[in-house]
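Read from first to last, the chains carry the letters A, B, C and D; within each, the first residue is number 1.
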Amino acid sequence: MELILDIALLSLLLVTAVYIAWTRDLFAAVILAGIYGLLSASFFMSMGAVDVAFTEAAVGAGISPLLMLSTLAICGRAQRANPQRALLALLTVGVVGALLITATLEMPAFGSPDAPAHLHVAPRYIADSMREIGIPNVVTSVLASYRAFDTLGEVVVIFTAGLGVLSLLGLRGDVREEPIHSPMAEPSHLVLRVVGKVLIPPILLFALYVQFHGEYGPGGGFQAGVIFAVGFILYSLVFGLEAVEKIVNRALVQALAAVGVLIYGTVGLLGIVSGRNYLDYSGLAGDSVAGQHLGIIAIELGVGITVASVMMIVFFVFSAQLARGRAVPHAS
Amino acid sequence: MLLSALYNYWVVILLMMTGLYMVIAQGNLIKKVIGLNIFQTSVFIFYISVGKVAGGSAPILSQLTTVYSNPLPHVLILTAIVVGIATTALALALILRIRQAYGSVEEQDILAGDGQC
Amino acid sequence: METSALLGLALGLPVLAFAGVLMADQRQNLREAISLLCGGLLLWTVANLYQPALQGESVSLAWLQVMPGIELAFRVEPLGLLFALVASFLWIVTTLYAIGYMRGHNEANQTRFFALFALSIGCVMGIAFAENLFTLFVFYEVLTLATYPLVTHAGTEKARAGGRTYLMILLGTSVGFFLVAIAGTWLLAGTLSFTPGGVFPTETAPAVLSLLLVLYVFGVGKAAIMPFHRWLPAAMVAPTPVSALLHAVAVVKAGVFVILKVCLMIFGLETLKAIPATTWLLYLAAISILLASLVALRQDNLKARLAYSTISQLGYITLGALLATSAGIAGGAMHIVMHAFGKITLFFCAGAILVAAHKTEISQLDGLGRQMPVTMSAFFVASLCIIGVPPTGGTWSKWFLLLGTVEAEQWSLVVLLMLSSLLSIAYLLPIPLRAFFPRNGTTVPGKVMVREAPWPSMVAIAVTAIGCVLLLAYPTIFSRLIHAGI
Amino acid sequence: MLTHLPILQVILPLVAAPSCMILQRSRLSWLFTVLVSLAAFVVSALLLQQVMAEGVIRYSLGGWDAPWGIEYRIDALNAWVLFIVTAVSTAVIAAARTSIEAELGASRQTVFYTLYLLCFAGLLGIVATGDVFNVFVFLEISSLSTYALIAMGRDRRALWSAFQYLVLGTIGATFILIGIGFLYMMTGTLNMLDLAERLPAVESSTAVLAAFAFILVGICLKLALFPLHLWLPNAYSNAPSIVTAFLAATATKVALYLLVRFTVTVFGIDFSLSALPLQSLFILLGLAGVFVGSAVAIYQSNIKRMLAYSSVAQIGYMIIGIGISTVVGLQATLLHLFNHALMKAALFLALAGVAYRIGGCSLEQIRGLGRSMPWTMGAIAIGGASLVGMPLTAGFISKWYLIAASIDSGFWPLALLIVAGSLLSAVYVWRLVEAGYLREPQSGQLAAEPGEAPLGLLIPTWILVLANLYFGVETSLPVSVTEMAATYLLGGAP
């Protein structure tokens, strides 16, 4: 059963990918890319990677197609044929692919429990993380404690991307931007507004649940941040950007993005203050397990804040472009 | 035997190559970014496949089982996914600016616009 | 005064002159006074080092260590002093000459001219007193760069093209071969210091040494061994004082001086004799002498002919060095002096002709002897000095070179030296002869006013021409140094 | 506090970045950035001193020992590269204010400094870490911020250059990710030292070979090694002047560090040299880079572009040093790493000054600059001399070691080719000097003769220029550190 599911998912993935490469309709390509994300999330699920699946669903099937669609709305959905580089591409792809295939021949079999990967470092996480960290979700333990520094890097990457997008699109000229009207913010979309109002609170609530439940089940700061942002994005889609800006000030969101990283970084520094190494939470509370627990909650909070803020920044900036692009079709 | 042991990796490689092909061959910038996405996602699939242990369940400790998937690749890929979306967002923002500056998102037009065909 | 302080002074004075001239900027008299003053002081300083050098007193100065085993350091030794003495003396003379020339010719950018002139002499001092190859290399390169703006002084497209050739060949050979040879020497010998008798360990393979020698001889492009000689004719676009001092004395002599020094103190005569490449390079030098003479014969442009003559005469010095006999080295070293005096006079004359009569081609010189008798007489004397016949000092160097060739039993080279002497007669002597005894058919107006170049230039010409003659009587000033050096 | 130096090195700029974002005022954020960079420089100097005195420093992040946690591991090699990056960064950012005020709008300056700090922290993180996946994460931090920084250039080409670099950079990073995945699959570990211990057992497998190839290609894309250099000239010539100075002096150096780290430490030099014909590959590609880069540079009229191609050539020299793969060869590479950072930073900063006053930097525009901007032009001339490898400049030292290394290993022709390469560089440097000093300014330009560059730019430029001269004659520090690093890497210790 597992095998059939596996083969089916992979085949679907392949078909989707090939179709995306083949089609000239960018809209179809983006939608299919979303489906590709969803399919890979299902695949991750079937591999037992629940956290990854959760994240991939939010990113690959949510945020990423959303951003691509806004881009498409400005840039147009038709793609021109341009075959001149195909040969070079085929050659590169052929060589790289052949190299990869040869490499696989001497790899440990798929799923084999005595592959080197499962014998060296990972066993300690499974065997000792309960004693050392005290939470059941091993992925969270590794993510937030054993390899917490990678995760700090990850948050900084997100922060960097947000800042990059901001510097590219968000800071054009110093003139006050004109208020932007969301196309949906018309009274006729009454149904939407009602549904929106009903849906948004549970979404935010769910985000909080994901944020703090990450230690026990799948979830954590990143996923929670994305969901939280989605709540606001939905709100802006229904009520218009300026309605959101009334609730959350843009400067505040930008500051919050920085604050999230700072929280994470400072918690790490507390480790040094408590006489241990950077990002060592053991000294934060009475006993080391409690300390770890506290530390993880704190840094996950940092992650959530930064991710949510950056997602909101990126989305707002893109939608502002969209609105402006509609007003001036060919601004060049 | 070989097939069942490795087919997973082979499909992953095909996916990667499809993505890479799109990045190199296609002149539309958005399509390039989609290709980049597929390329990266396939690498994620590869990592997660590496982490698979036959019969193992999700690495959330419980009394019911003692066999778990390897959590380390999961952690790495969580990070990698985030890196991926960060790159995508930045790339798309760049595309929007390029569109404003050049009036097109086709590589040919851009090169022609700068006079370097 | 402390002798090492003298050494420091010898190196520092030209730099002082450089700075002084730059600061004097547009004030012409001040600028020239500074140049002359520093020139006089420099000559005095170098002359004061004469006795210590002769007595083998160790006068040295170490600046700084750049890398382990590689340092900027200076030491006075007889051969270097010989070179420094010639260069510093001729600097004064040339400055005098240049004052007349530049004023007479109304050249632009004179500040830059005099400043870089001083800097070039500073480099020559650095080369002459270098304690090791690295120091020598540094000053060798700076000399190339400092002289480039002098070569392209005119600023015309032709001057720039000439300058490019100049720079590319000199930099190319020095970085491409010389530097590699130095690096090789460092790795093989572990030192770069000039040591009497050579630095290489006895077990070094002759093939490697051959390679190094070839790299050295070609690497020192300033010695203008064919096929790396093109820069010298190209550099003739420079104003004449530049050609005179730099391309008869400072730059080219720096080249052959390096070759002499490398042969004597890096390889050592014994090692040199044992290397197969030495013989080949000897023949190359011989061919260079001969070919350059033949080319010189066909040049109508006066400066071009002098340039090819220089290439040919430099070949003598290289040949002397490669003979690996003490007479050969002595002849080579002596020829540095004699050729310097002779050739600088010739260039001075060429410049004087340009300034006074506005003529550059040899075929235009018919009958000029009556208009410029002093100049053309000096030209005649200097020609004899280059050819190597009495009553000039050139006799000595050619004699020693011949002796060295015989000592080395290179009979074919003996014949060649004879032959090329004949050739040098053929390309030099017709020039004054034409001036004094115009050919049939060209009518010369009955009465010609004597009109020479400005007086400072004429003083300079007289000094060097008389020098050529005096050197026949008093070669010992230099030959004592040479014997102390070998 | 001294025991925490390794992490402070990275975490200082990393935490400073969001703080800088909150500062909002551009002057203030500039000052803050300078102070942070200076502090990082002090930390790196202390680290270098500590490593030289006591040997390798290890630091377990989160208190978890390697290979379970991530560890920072500082030996002479990383300490040296950290020192280079922080030193150059401090000089560059100190010079940044006027140039940035001229080239960027007021609203983007704070963002610029924040991105700069992020890029800085990313580069330091790559160098300091002893964990291969952590390398990937910090590589992405530095890359993403670099893309954004390049896109801040004034010309629209900056956008296209940034996009080009983003695509190639992401492919490169993903290649590295694939390689790391293979390594993990075959060994089960991500720690560099642990990998080095476990790889010999499986090194005959094609998977390890493929991992090696992918990591190599990925790094070389980032390094802009010929023929993967196509993104570099565009990126360097279109980015804001300060960004160019920073990237040219640091980013390629860090990529080169990674190359050394992976080939020598992780895979082991014996494996690296036997698995692929790496020696001839590096030497050939290096030479090709030297000649193609220099030859193309000669024909550029935009000076930034000229120097960008010159960087491609200089990277070639560094690769040749690795290719020779002896202690002296590696030492030459590490020396050139330092010297090239000094000279390129000086040159690009001087160009920033030119761009500030004249508004561009083509060969035509700098005509006669020796008279109107003597200090700036002097910096260009001395920096150029160092680039060519004139004696008494820093450039000479590394060329000398490279030549010595090739002769020492019996590659005589290589030595000749290396010097032939520097002759090519002499040609384009000479074009600069000739335009600046020996050509008359274009008519019409004389009307508004530009003054000297602002002091804020000039002083850091000249500090770098003087460093070029100082390290051309007093080489005990670089020579001793690189000698220790090279000996240690090639088997002086386990």
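As a working rule, contacts are C-beta pairs under 8 Å (C-beta built on N, C-alpha and C of every residue); 3 or more make two chains touch, one makes a residue touch a chain.
The shown structure was predicted, so the numbers you read here are calculated from the model rather than taken from an experiment.
Student: Look at all chain centres (mean of CA atoms) and spot the one farthest from the centre of chain A.
Tutor: C
Student: So, what's the distance in Å between the C-alpha centres of chain B and chain A?
Tutor: 13
Student: Approximately how many whole Å separate the CA-defined centres of chain C and chain D?
Tutor: 45
Student: Report, in whole Å, the distance between the mean C-alpha point of chain A and the mean C-alpha point of chain D.
Tutor: It comes to 31 Å between the two C-alpha centres.
Student: Just how far, in Å, is the C-alpha centre of chain C from the one of chain B?
Tutor: Once rounded, the distance between the two centres reads 70 Å.
Student: In chain D, what residues contact two or more other chains?
Tutor: If we look for residues of chain D contacting two or more partner chains, we find 133, 137, 140, 144, 147-148, 151, 178, 184-185, 190.
Student: Which chain A residues touch at least two other chains?
Tutor: 100, 104-105, 107, 115, 117-118, 121-122, 125, 147, 150, 153-154, 157, 160-161, 164, 168
Student: Could you list the positions in chain C whose residues touch two or more of the other chains?
Tutor: none
Student: Pick one for the touching-chains graph, please: line, ring, star, complete, other.
Tutor: Topology of touching chains reads as other, fitting no named class.
Student: Which two-chain combinations qualify as touching?
Tutor: Those chain pairs which touch are A-B, A-D, B-D, C-D.
Student: In the complex of these two chains, what residues of chain D are touching chain B?
Tutor: Contacts found on chain D: 133, 136-137, 140, 144, 147-148, 151, 156-157, 159-160, 162-163, 166-167, 170-171, 174, 177-178, 181, 184-185, 190.
Student: Inside the complex, what are the residues of chain D that reach chain A?
Tutor: 4, 7, 11, 14-15, 17-19, 21-22, 59-64, 67-70, 105-108, 111-112, 114-115, 118, 121-122, 125, 133-134, 137-138, 140-141, 144-145, 147-148, 151-152, 178, 182, 184-190, 198, 202, 205-207, 209-211, 213-214
Student: Which residues, counting only chain B, touch chain D once they are in their complex?
Tutor: On the chain B side, the touching residues are 16, 20, 23, 29, 32, 36, 39-40, 43, 46-47, 50, 72-73, 76, 79-80, 83, 86-87, 90-91, 94-95, 97-98, 101-102, 110, 114.
Student: Can you check the complex and tell me which residues of chain C touch chain D?
Tutor: Touch residues, chain C against chain D: 64, 66-68, 70, 72, 134, 137-138, 141, 149, 152, 155, 160, 167-168, 171-172, 175-177, 179-180, 183-184, 186-187, 211.
Student: Hey, which residues of chain A end up touching chain B in the complex?
Tutor: Contacts found on chain A: 3, 6-7, 10-11, 13-14, 17-18, 20-21, 26, 29-30, 33, 36-37, 40, 43-44, 47-52, 55-56, 59-60, 63-64, 67-68, 70-72, 74-76, 79-80, 82-83, 85-86, 88-90, 92-93, 96-97, 100-101, 104-105, 107, 109-113, 115, 117-118, 121-122, 125-126, 129-130, 136-139, 141-143, 147, 150-151, 153-154, 157-158, 160-162, 164-165, 168-169, 216-218, 222, 314, 317-318, 321, 330-332.
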